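In the two assemblies presented below, subunit A is common to both, partnered first by subunit B and then by subunit C.
And then the complex of A and B:
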């Protein structure tokens, strides 16, 4: 693996984990009756940007290296389901994340403080952040399984 | 209260709901129907890139169109659209994982 490809893999993981942490921070803020709007906006925008960066770096690694170099090793090893289930499901579930993070950002940036404090909107928005955080965690753990299956 | 941004919020929440379902459908369909996967590869160099580009395009275009068509959006409609997005995301996730679980074993 070239140094550049290694770098994209590392950045994909780092951006992804930081994005999940930012979305979790937004979730915690949204669970309060009066959310700190400034912090919520910062964390939501950070979450979206980090997820987008993880998407781009992951796309480079996945399309230029994984399929030709990693996938055959996993399929020939003891745990072929690590690719057939974990990687396939992870790479496609990941595609949902940017859109969930984008809607979160639209609402917290365009919505007024009173809208974000309104429980009718705050509750589904917290649920949305919760779903995004859960997906991000599942995707990260799946990545650990895929990495383990290569060794 | 009707806010000037409410239509945008509502439109993109609905658009995202459709987009996440689209991702699940095209993922499963492309795995079951080889010509679709081949077309994605031919058009976008890789099927995953194709799904990414088509999903982003659908989200932006549909969000824009819905934003132009809807009127009188209030807090309740935004809340309903956000709950729809939560539900559609869960359905899409279960569909993708369920499909690959069946495929893998």
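And then the complex of A and C:
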């Protein structure tokens, strides 16, 4: 693996992890009766940007290296399901995440402070952030499984 | 200082802050709740402790994934599918979802405390005990049993101290 490919893999993991953590922070803020709107906006926008960056770096790594160098090793190894199940699920679920994060950002940026404090808006937004966090977590854990199968 | 050492230090510091924060948080909460109300000074101390807990959790997760990246790049991938790794990941997830459940007030205070305390100590023990015996299922059963035990002990302490919640 070239240094640049290694770098894209590392950045994919780091951006993805930070993105999921930012979405989790937004979720916890949305659980409060009076959310800190400035912090919520910062975390939501950071979450979207980081998830997009993870998307781009992950796509580069997948198309230039994973398919030709890693996938054959996994398929020939003891855990072929790591690619067939986990990676396939990961790459398709991953498509949803930036869109969920984008919806969160649009509502949080366009909504006033009083609107975002209204439980009728805040609770569905928290549910949306919760779904995005859960999907992000599943994607991250799938990555650990896929990496563990490379042997 | 190389990356491996920096990641190890961050992991140890994160765990120490988490275990210390969870322990002190429980002690301060019990002390504060004895009279049935948490005054502003006590509330300030508790908020500071919860902040330390959040820093500890962030350090633990970031350094944990640092280990993951190191193992992947060095080709030492066997631990990534090991019982110890997945037990720790599960415990961290339980802590994260526990915070959300606590905010929704779906979990009683004593149970939330039991889960938090047990989880932090379990993460410390599993992390420090290299070569810990047992499968993923057996480790999680020990963990579940420990939560029940800690919950019972906390209920007894609350009863003995006449804590009003």
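The definition used in the following text is that the second predicted complex is superposed on the first by the 151 of 151 C-alpha atoms of A that agree within 3 Å, B and C clash if a C-alpha of one lies under 4 Å from a C-alpha of the other, contacts with A are read in each partner's own complex, and residues count from 1 in each chain.
By definition in this document, contacts are C-beta pairs under 8 Å (C-beta built on N, C-alpha and C of every residue); 3 or more make two chains touch, one makes a residue touch a chain.
Everything numeric in this text was worked out from a predicted model, so none of it was measured.
S.K.: Does the subunit A-based superposition show subunit B and subunit C clashing or fitting?
M.R.: Fit: subunit B and subunit C sit side by side once superposed on subunit A.
S.K.: Kindly classify A:102 by the partners it touches after superposition: subunit B alone (first), subunit C alone (second), both, or neither?
M.R.: first
S.K.: More residues of subunit A in touch with subunit C or with subunit B?
M.R.: B
S.K.: Give the angle at the C-alpha centre of subunit A formed by the C-alpha centres of subunit B and subunit C in the superposed arrangement, rounded to the nearest 10 degrees.
M.R.: So the angle at the centre of subunit A is 140 degrees.
S.K.: Check the residue A:117 against both partner chains and state whether it touches subunit B (first), subunit C (second), both, or neither.
M.R.: In the superposition, A:117 touches no partner, neither subunit B nor subunit C.
S.K.: I'd like to know which partner A:6 touches here: subunit B for first, subunit C for second, both or neither.
M.R.: second
S.K.: Which partner does A:149 reach: the first (subunit B), the second (subunit C), both, or neither?
M.R.: second
S.K.: Closest pair of CA atoms, one in subunit B and one in subunit C, after superposing: how far apart in Å?
M.R.: 17
S.K.: Would you tell me the residues on subunit A in contact with subunit B in one complex that are also in contact with subunit C in the other?
M.R.: none
S.K.: For a test of understanding, state which residues of subunit A touch subunit B in their complex under the given definition.
M.R.: Spelled out, the residues of subunit A in touch with subunit B are 55, 59, 62-63, 80-81, 84-85, 88-89, 91-93, 95-96, 98-100, 102-103, 106-107, 110-112, 114-115, 118, 120-121, 123-125, 127-128, 131, 135.
S.K.: For the complex, give me every residue of subunit B touching subunit A.
M.R.: 1, 3, 5, 8-9, 12-13, 16, 19-20, 23-24, 27, 45-46, 48-49, 51-52, 55-56, 59, 75-76, 78-79, 82-83, 85-86, 89-90, 92-93, 96-97, 100-101, 103-105
S.K.: Okay, in this complex, where on subunit A does subunit C touch?
M.R.: Subunit A residues touching subunit C: 1, 6, 9-10, 13-14, 17, 21, 24, 27-28, 31-32, 79, 130, 137, 141, 144-145, 147-151.
S.K.: Which part of subunit C faces subunit A closely enough to touch in the complex?
M.R.: Contacts found on subunit C: 58, 61-62, 65, 68-69, 71-73, 75, 77-81, 85, 89, 93, 96, 99-100, 103-104.
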